[in-house]
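We call the chains A, B and C, going by the order they appear; numbering starts again at 1 in every chain.
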Amino acid sequence: MEQARLYPRSPQRRPWRSAVLAVAFAALLGSASAQTLTMAMAAQPDTLDPQVTSATAAFQVAKSLYDTLVEVDQSGEIVPALAESYEVGDDSLSYTFHLVEATFHDGTTLDAADVVASLDRIRSPDTASPKASEFAAITSVEAVDDRTVVVHLSQPAPALLATLASGWGAILPSEKVASGHDFGNQPVGTGPFSFVSWQRDNAVTLAANPDYYQGAPQVDEVVIRFVPDSAVQLQGLLTGEFHVIDTVAAADQAQIESNPSLALVRDPSGLALVAALNTRRDHLADARVRQAFNLAVDSQTVLDVAYGGGTPIGTFMEAGSPWMPASIEPFAYDPEAARALLDEAGWDGSVTLDMALPQPYENHIQAGQMIQDYLRDVGVSAEIRIVEWGVWLSDVYGGAHDFDVTVIGHTGKLDPTGRLDGYGTEADNYPGFDDPEVAAWLEAGARETDVETRRELYANVLTRLHEGAPFIYLGTPDRVHARSADLQGFWITPMLDSFDFRTARFE
Amino acid sequence: MTRYLLGQALSFLVTLWVVLTLVFLGMRALPGDAATILGGMDASAEQIAVIRERLGLAGSLGVQYVGFIGDVARGDLGDSLRERRPVTAVLLDRLPVTLALAALAFVISLAIGVGLGLLAGLKPGGLFDRVTTLFATAALALPEFWFGFLLILLFAVNLGWFPVLGLPPTGLSWQASWHLLLPAVTLAIPRSAQVARLTRAQVLEQRRADYVRTARSKGLAGHAVARHIAANALPGVLPLLALELGGLLTGTIVVEQVFGLPGLGATILGAISARDYPVVQGVTLLAVVVYVGVNWVADLLQLVADPRLRTA
Amino acid sequence: MGRAVFGAALFAVVLLATLLAPVLRPVDPLEPNYRATYAGISAEHPLGTDRLGRDVLSRALAGGRVSLSIALSATALTILLGGSLGALAAAVGGAVDTVLSRAFDSLLAFPGFLLVLLVVAILGGGAAQTVLALGVAGSPVYFRLARAYARSELRSEYVTAALALGASRPRQVLRHALPNFAGSILVQGASTAATFLLVEASLSYLGLGVPLPTPSWGNVLQESRAFLTRQPWAAVGPGLFLAAASLSFQFVADGMRDRLDRRS
């Protein structure tokens, strides 16, 4: 076999043969080294600074760049992360965290000062974090020594660990925090992957961090591509361009399941999909009317057609939640009973409900149209008004609450306070549900440290929310994603919905 | 001549000022602002107020407006509220895609339009001419984005020759021209129809000219005459070509949406729904400047092409 | 001439189809059928169904009514707006003329589609807002046209004579100039209507025009985009109607333009 030469002996002497050999050699080398995992996701982060945003897409990417003191494991439990252990003070007014040994992507070592700097930064008005109120109970953060941090609280905060386990609890390097570093475009953390580049509207490229404290990742590179169209995502999966996709249309599920080189993964999500009813309005003030609406809508069909499958719920908590009282059943689909209940409540058939639906969410729009149809069957007419997202946030969800019915999903929260806060005081929740007892229970629950007592308090709240029905409860949709069959170890964080590539590998 | 140019410049600045003011006011008239959107569903009203303060949206409208005009006059387009980096950086990121698309579409419409127009005009009344005229009318009536769908269905989905959407993972590069071909053709078809029509009309006009009769009567061969006709017809088409380019640079929005291309169209649409005022203002400014600039060039070319129009 | 007739005939067919849709095809365009989503072509559904199981053909026809009415009313508005102001500018002259001319020139300097997009976005989207935005955006052409005609008429001999005899300027403009611009306006109008139809479709496609679930050709096409690969007829069908309507306007415009050219 002729040796591949760097330069051919002479131009006419079949240089292509050496070229072919060179390429083959390089390919052989190449396949043993750089393993790139490519993922397609529909939304795009607005920033990679976890302390200035509330967008899920941002945290989905940031998950690989940063770590938190505690984190959520695959079964949904909060377990130690950067804090290898912690103690709660006797009066529940302080948490002491003991840090692991870890390094940031810029080479600096993790120490208590970093935790102090990070927690101070997210609480600072200069940062203006949308999540700052979750840290409200913190009065100060103190570095006892290099590896020990104490967080002091003004009142007991059982939800604190949940906050610290969320994406916005990310720990940033203190030197960079002090120098005003632009984390949004140049993220630096302790995460399993370090930042390489971000081409807006195209892709984020991450490189494996060999010094990751939980062990180096098994892929060398992760490329996350932004592909809003589920048909294009699927096409990329089929051609092998993408190894994982995060959006699977209901109608495509069968095709993926029957394909042996692909895998469809269906997990329960943490979402609570609801059609909110504005209880402030006269015609919606009677709880019987709202219960009737729940009976009129076949929530399982809505889940299947508009959201690709899911589990109905009977109250304002995601299906399968440990906080969901066993006694609460989802409302049955019973149009007869609905009509009877409407009659009993004296429903005025001349009223047309104003249904405001948020424009960017096609599945909510679909669900809204289905609900309109179901309501029509029991003699209730509704008119649909598609509303732009900014308008929805400021006029429907907030502001004057200009709607009768609206459809939206409430993301999973690690602690019930995240979901239920404000749902007893009319001014603090968008359906206007007002119940002083519920408000009292919620306030007590936010401070209660005994798990059983808390469970009871929230069970009472949820029972009231079932009976009072300020929502038409649709259900918890399945979180469906698809991957190539040879990709193992990729998982989506329960409740938080972020992407975890730490154990991802190709078999 | 200078008076004319100065007058034009003044008129342009006034138009620009009016447009920017209208966009400034109009965007802020929409319910919801960037702070509300950044806050999302979980932020409290106080939180949103803090964010609003941080973004510089809390001051009175008048103060913000004065600041805005002052900044623009100095060439500072401000920072994107959503991406928290300079608007110029945001624009520079997306501009290449739109430019590449417009350029490709321009070249294609030029080639097809002038080619067809010349051939049709040189043999008026013939079969080719009639087919071209028919094509031109049909092409102008075609809804661009629907035509884009058809191209996708035929070439990308059924034949698989092209990717269905978007750019390749490496972003804009020479490989990307393959990805840009279908959208460029979509944009080019109606424009080539316009160009073909005008070219044909110019050629017809040239054919009636004295020098053609003279050349023919002197026995000059057909194709030599044709070359002269073409050479004289083309300058008349230049102004339209410039106009078409201007239209292309500002008219890619819908096609970018259909083909999932991350250009300026996607940027302004996203900025409108995110209430990212500086980006909306920036893209508008850029579009007006480019469009007016290209129109000026078209006017100048008109003057060059037809000396009769010069009054100075 | 043949083209104008063909165009008019085609338009009539499309118009009648959309107007008579409730009679010819009594299927509710808003009626969902969750068991028959994304269905292909069948006897029951000549163009298949969309993602909620609604009949695509009736949505295309109903959408036609909406789109055509928007395009036609916007055309009427723009002719009225531009035309009346143009005639006014010519009749009154002086400062009014200068201001109006400058204003319309500025409007013309703005890239068309972007202008309409911004106006509709700022007005919050919707059918009426689209008509308004289109009406304003298209008016400079008619302003210029009307003004040019009015000015040339005012300079003509018989008008000069009438004015010398004491007749009022505006009345002369109306009586004499109007019939002459009618021809030009029809030609331009047909072309404008075609453009407006496509612009409305584009706006609805982008989500800024007619809001769902009311179908318009644009938003039906936008909905169908998500399942282009699964049920292509949901996209091809309504598009054909749109293309046919637009084409018919163009043919009418072309045919009449030829006829007018030949006459003058």
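As a working rule, a contact is a pair of C-beta atoms (placed from the backbone, for glycine too) under 8 Å apart; a residue touches a chain by one contact, two chains touch by 3 or more.
Source: prediction; values computed, not measured.
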item: Graph separation of subunit A and subunit B (steps between touching chains); value: 1
item: Chain whose mean Cα position lies farthest from subunit C; value: A
item: Pair of chains joined by more contacts [C-beta pairs], B-C or A-C; value: B-C
item: Distance between chain centroids, defined by C-alpha means - subunit A, subunit B (Å); value: 39
item: Mean-CA-position distance for subunit C and subunit A (Å); value: 45
item: Computed distance of Cα centres, subunit C from subunit B, in Å; value: 22
item: Touching two or more other chains - residues of subunit B; value: 30, 164
item: Multi-partner residues of subunit C (at least 2 other chains); value: 124, 228-229
item: Sites on subunit A at which at least two other chains make contact; value: 229, 231, 359, 388, 391
item: Sites on subunit B touched by subunit C in the complex; value: 11-12, 14-15, 18-19, 23, 26-27, 29-30, 137-138, 140-146, 149-150, 152-153, 157, 164, 246-247, 250-251, 253-254, 257-258, 268-269, 272, 280, 284, 287-288, 291-292, 295
item: Subunit C partner contacts - residues on subunit A that touch it in the complex; value: 229-231, 249, 251, 301, 305, 359, 362, 365-366, 369-370, 373, 384-386, 388, 391
item: Subunit A residues within the subunit B interface of the complex; value: 38, 46-47, 49, 52-55, 125-133, 182, 184-185, 199-203, 223, 225, 227-229, 231-232, 235, 241, 359-360, 388-395, 397-399, 408, 410-411, 418
item: Partner subunit A, residues of subunit B touching it in the complex; value: 30-33, 36-48, 50-51, 53-55, 82-85, 90, 93-94, 164-167, 169, 171, 260, 262, 266, 273-275
item: Complex contact set, residues of subunit C against subunit A; value: 32, 34, 37-38, 51-52, 124-125, 207, 211-213, 226-230
